[in-house]
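Multiple structures follow.
Two complexes follow with chain A in common, the first pairing it with chain B and the second with chain C.
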Partner chain A sequence: MWLIRVNMNDLTSRVEPLPDAYKHLGGRGMTSTIVAKEVPPLCHPLGPNNKLVFAPGIVTGTPAPTSARVSAGAKSPLTGGIKESNGGSSWAADLADMQVRALVVEGQAKKNGKFRGLHLVWDAAAGQPKVEFFDASEHAGKDLFEAFPKIYAKFGDKISISGCGIAGEYGYGNAGIVYNDPAKRPTRYSGRGGLGSVMGSKGLKFIVLSREGSPGVPITDEALFDQGRKKMIDALRTHAVTKPKGALNTYGTAVLINILNEAGGLPTRNFSSGRFEGAAKTAGEAIFEGNKQRLGKELYNHACSPGCIIQCSNTWHNPDGTEAASCVEYESDWALGANCGIDSLDDIATMVKLCNGYGLDTIETGATIGVVMEAGVIPFGDSQGAINLIHEMGKGTPLGRILGGGTAFAGKAYGMTRVPAVKGQGMPAYEPRAVKGIGITYATSTMGADHTAGYTIAPEILGVSGKQDPLTPEGKAALSRGFQAATAFIDTSGHCLFIAFAVLDIASGLEGMVEECNGVLGTQWTTADIGRVGADVLQTERAFNEAAGLGKETDRIPEFMLTEPLPPHNQVFDVSDEALDSVYAEL
Partner chain B sequence: MSEIVVDVWLYGGLSKYGRGAEQGSFANVEARLREGSTIGDLLAFLKIPSWERGITFIDGQLSAMPGLQPDMDHILSDGDRAAFFHLNSMWPFQYRHGAAMIRELAEAMQAGKDRGLHHSYGEHESNA
Partner chain C sequence: MRLRVKLFAYLTRYRDNLSSGTPCEVDLPEGATLADLLRALQVPDEEVKMAFVNGLAQPEDWQLKDGDEVGIFPPIAGG
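Presenting the complex of A and B:
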């Protein structure tokens, strides 16, 4: 197993055996450990001292279902704190198959307008991966939909690609890291936190993997691994949310649009209401029905990456049946829809595709546009205006650069007070005033406002079972702590977070996840270790953030949410600072 | 006897019960009921078998989940908005943790195993 270091200062690389101390780490556990150990917390995120780390999860690359996930980590240009952003792609599985447990990009190439690419191949003679550099300058300033086919043409069909778009070249706070999807499109993202800009700042444009000949992930105990894998498959195939033709496979994550809208928790027109009159037209049900009409048949969703049996990724089609965009996730649909007062799926899909092409995070983009719509730059509901603003970002105009800085930056530029962000990261699609538990997670997560920071997992391993009343603020804080730790474990395991839907309700699935990890690593973890392993990751991230100046004072929800009641429930966010502080104080 | 008007939203497959108000993936119906009518009465009026509905909201407050329907006797008020979801919808716990619920559902969750800390209450019911 290998740790690869690429030094962009002098365009050299070292392939090192994985240090023993990192043997049991993967995914987020790996990226956060390396960033915390090696990146000075006060360094400039776009300077030479930041490092960009990629790590496949523990079971990534194995036949474990729904596990082709990779963590990207660095100090975030958006939050100034540590960042892990997770993506699903064959790129993740290929990196794991080449037995690369961590890829660390260090230093910074000279700013001479040139961009480099890395090409990783398996060196059969040496029995280890090898790094080659190539000139990627021709792809600078180009749409990723234009660049990807050229990379495939150069390196062949069997490769996988990660990279940054124009947004990452400009150094935007809302630049994501892109990966290929199964149809070779640039549509899968480690979207959040501006990691695309960390990549761009190093003068690095693409990392191409040619996995051919690589040995695959070694499994220490095959029988145990298989036992775990079967339990996980059974859980995913039977649970109503994750089974074939279940909620996610039929409607995708956008199934949540109508639900949150009815709950009064769908942030609308820059978080000024919890209900959007046009929501139903943009929901997962509308995507399914609309595709049926336009294609003349039912269309179920596809996998973002090899080996996923949940298959939640949708595709929206144009009236003539051609593809408009893949994938319209709940958060993208909301950010560019309800949050901007836009109810046209066609326009939302256009914007999703533009973001994918420019290398922008859809959530941050929509949250930013919502703020400047309120500032009067364009009116709410003006989808053509919103499309133009995304083009401004892509062109790097002065206005585009303000928007590219993200929600908080654009809010400052326009003197706005209703700025939905925590630690500088724009808030996703769940209103904290209507869903207070998620507000606690937004406030306290080491990542800034992050909807994937706290997934619910079996109560008995949260350390709160029976003790805490989930209806009290203290109980909610305790649960959020448990959720965040469990999530850090899943992000380390290499499974997509969506397995949590099934394993919360089907206990054998949870055992399966731990058995898969033990099978690969030879560890003897039990489900009781999930919280401990996850809490270790959180402690590491928290310590980095504190040293970077993001202490508990930054674990707060924006002031307007404490004072402005949100229709239709007319509630404010009323969880006390003490309850928020208890999340990490008692970790 | 006076009447109440309920603003009904039916999602996904349930839109077929929309009494002509279907709009593809949803239906929005105005239901006129006797004062004192319950969710059970509304379902009967719409001819929706209760087992066909899952997540349910009354005026933005969660009132039922698949496999957990303590709202059948909940009395509706004039002007209420009632929303019924098909069984292929979802609302994971972490995204509803702290959201408004009707009293009957809050009590049912509190009394159930793990205080309702699950995603589904149907097939994988541990709450019965």
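Presenting the complex of A and C:
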């Protein structure tokens, strides 16, 4: 197993055996450990001392279902704290197959307008992966939908690609890292936290993997691994949410639009209401029905990456049946829809595709546009205006650069007070005033406002893993803490977070996840270790953040949410500072 | 009493020509509960995961009143 270091100062690389201390790490556990150990917390995120780390999860690349996930980590240009952003793509599985447990990009190429690419191949003679550099300057300033086919043409069909778009070249706080989807489109993202700009700042544009000939992931105890894998498959195939033609496979993640709206927790028009009158028109059901009408047949969703049996990724189609955009996720649909007062799926899809092409995070983009709509730059509901604003970002105009800085940055530029962000990161699609537990996660997560960091929505709204009243703050600090730790484990395991819906309800599925990890690593974890292993990761991240100046005083929800009641339930965020502080104090 | 009822996702198959999230009016005798409503709609119990009355999730024995807005969901999730 290997750790690869690429030095962009002098365009050299080292392939090192994985240090023993990292043997039981993967995914987020790996990226956060390396970032915390090697990146000076006070360094400039776009300077030469930041490092960009990629790590596949523990079971990524194995036949474990729904596990082709990769963590990207660095100090975030958006939050100034540690960042792990998770993506699903064949790129993850290919990196694992080449037995690369961590890829660390260090230093910074001279700023001369040139961009490099990395090409990782399996060197059969040496029995290890090898790094080659190539000139990627011709792709600078280009739409990713234009660049990707050229990369495939150059390196062949069997590759996988990660990279940054124009947004990353400009150094935006809102710049994701893109990966290919199964149809070779640039649509899968480690979207959050500006990691695309860390990549761009190093003079690095693409990382191409040619896995041919690589040996695959070694498994220490095949029988145990298989036992765990079968339990996981059973759980995913039987749970109503994750099974074939279940909710995720049929309607995609945007099936959440209606239920959050019904619960009064769908942030609307820059977090000024919890209900959007256009919710049903933009929901997952409308995507399913709209596709059926336009294609003349039912269309179920596809996998973002090899080996996923949940298959939640959708494609929206134009009236003539041609493809409009993939994938219209709940978060993107909400950010560019309800949050901007826009109720046209066609316009939302246009914006999703533009974000994918420019290398922008859809959540940060929609949250930013919502703020400047309130500032009067364009009115709420003006989808053509919103499309133009995304083009401004792509062109790098002065306005585009203000928007590209993200929600908090644009809010400052326009003197706004209703700015939905924590630690500089724009809030996702759940209203803290209507769903208190997720507000605690937003406030306290090491990532800034991040729903995936501790998805208390499951019990608070969906009735998964028990049922809890979303409006009460009681007991929610403990709930968020438990979810944050369990999530850090799942992000380390290499499974997609969506397996949680099944394994939180089906105990054998949870056992299966741990047995898969034990089978690969030879560890002897039990389900009781999930919280501990996850908590270790959180502690590491927390220590980095404190040293970077993000202490507990930054674990707070924006002031307007403490004072402005949110319709329809007319609630404020009434979680005490003591409760917020207890999340990490009692970890 | 008269209720405004919305069915979501695949629960719409229990009502002809009703699209997800479009309200329909249902008349029930005073004192009816959520469980009575599901029976009247012929939506099988086991397919219902969450039922909201005026934006708040309620149990099946919840007593409804005139003018209530009800939203009924099968098991769903996303992120």
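Rule of thumb we're sticking to: the second predicted complex is superposed on the first by the 567 of 587 C-alpha atoms of A that agree within 3 Å, B and C clash if a C-alpha of one lies under 4 Å from a C-alpha of the other, contacts with A are read in each partner's own complex, and residues count from 1 in each chain.
Just so we're on the same page, a residue touches a chain if its C-beta (ideal position, glycine included) is under 8 Å from a C-beta of that chain, and two chains touch if they have at least 3 such contacts.
All figures in this text were calculated on a predicted structure; none of them were measured in a lab.
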So, does A:G437 touch the first partner chain B, the second partner chain C, both, or neither? first
Could you say whether A:Y251 touches chain B, chain C, both of them, or neither, answering first, second, both or neither? both
Between chain B (first) and chain C (second), which does A:A283 come into contact with in this model arrangement: first, second, both, or neither? both
Quick check for you: in the superposed arrangement, does A:T238 touch first (chain B), second (chain C), both or neither? first
Does chain B (first) or chain C (second) touch A:Y455, or do both, or does neither? both
Quick check for you: in the superposed arrangement, does A:C312 touch first (chain B), second (chain C), both or neither? second
Just checking: does A:L497 make contact with chain B only, chain C only, both, or neither of them? Give me first, second, both or neither. second
Look at A:K476 in the shared chain and tell me whether it touches chain B only, chain C only, both, or neither; answer first, second, both or neither. first
Chain B/chain C common contact set on chain A: 239-241, 246-248, 250-251, 255-256, 258-259, 262-264, 280, 283, 285-286, 289, 451, 455, 469-471, 501, 568-569
Chain C-touching residues of chain A, taken from the complex the two chains share: 239-242, 246-248, 250-256, 258-259, 262-264, 279-280, 283-286, 289, 312, 329-331, 451-452, 455, 457-458, 461-464, 467, 469-471, 497-498, 501, 568-569
In the complex, go through chain B and note every residue touching chain A. 9, 11-12, 23-26, 55, 57, 59-60, 62, 66, 81, 83, 85-100, 106, 110, 114-120, 122-124, 126
Okay, in this complex, where on chain A does chain B touch? 238-241, 245-248, 250-251, 255-256, 258-260, 262-265, 274-275, 280, 283, 285-286, 288-290, 293, 430, 434-441, 451, 454-456, 459, 465, 469-471, 476, 479, 483, 500-501, 504-506, 568-569
Per the contact definition, I'd like the list of chain C residues that touch chain A in the complex. 6, 8-10, 12, 19-22, 49-50, 52, 55-57, 71, 73-79
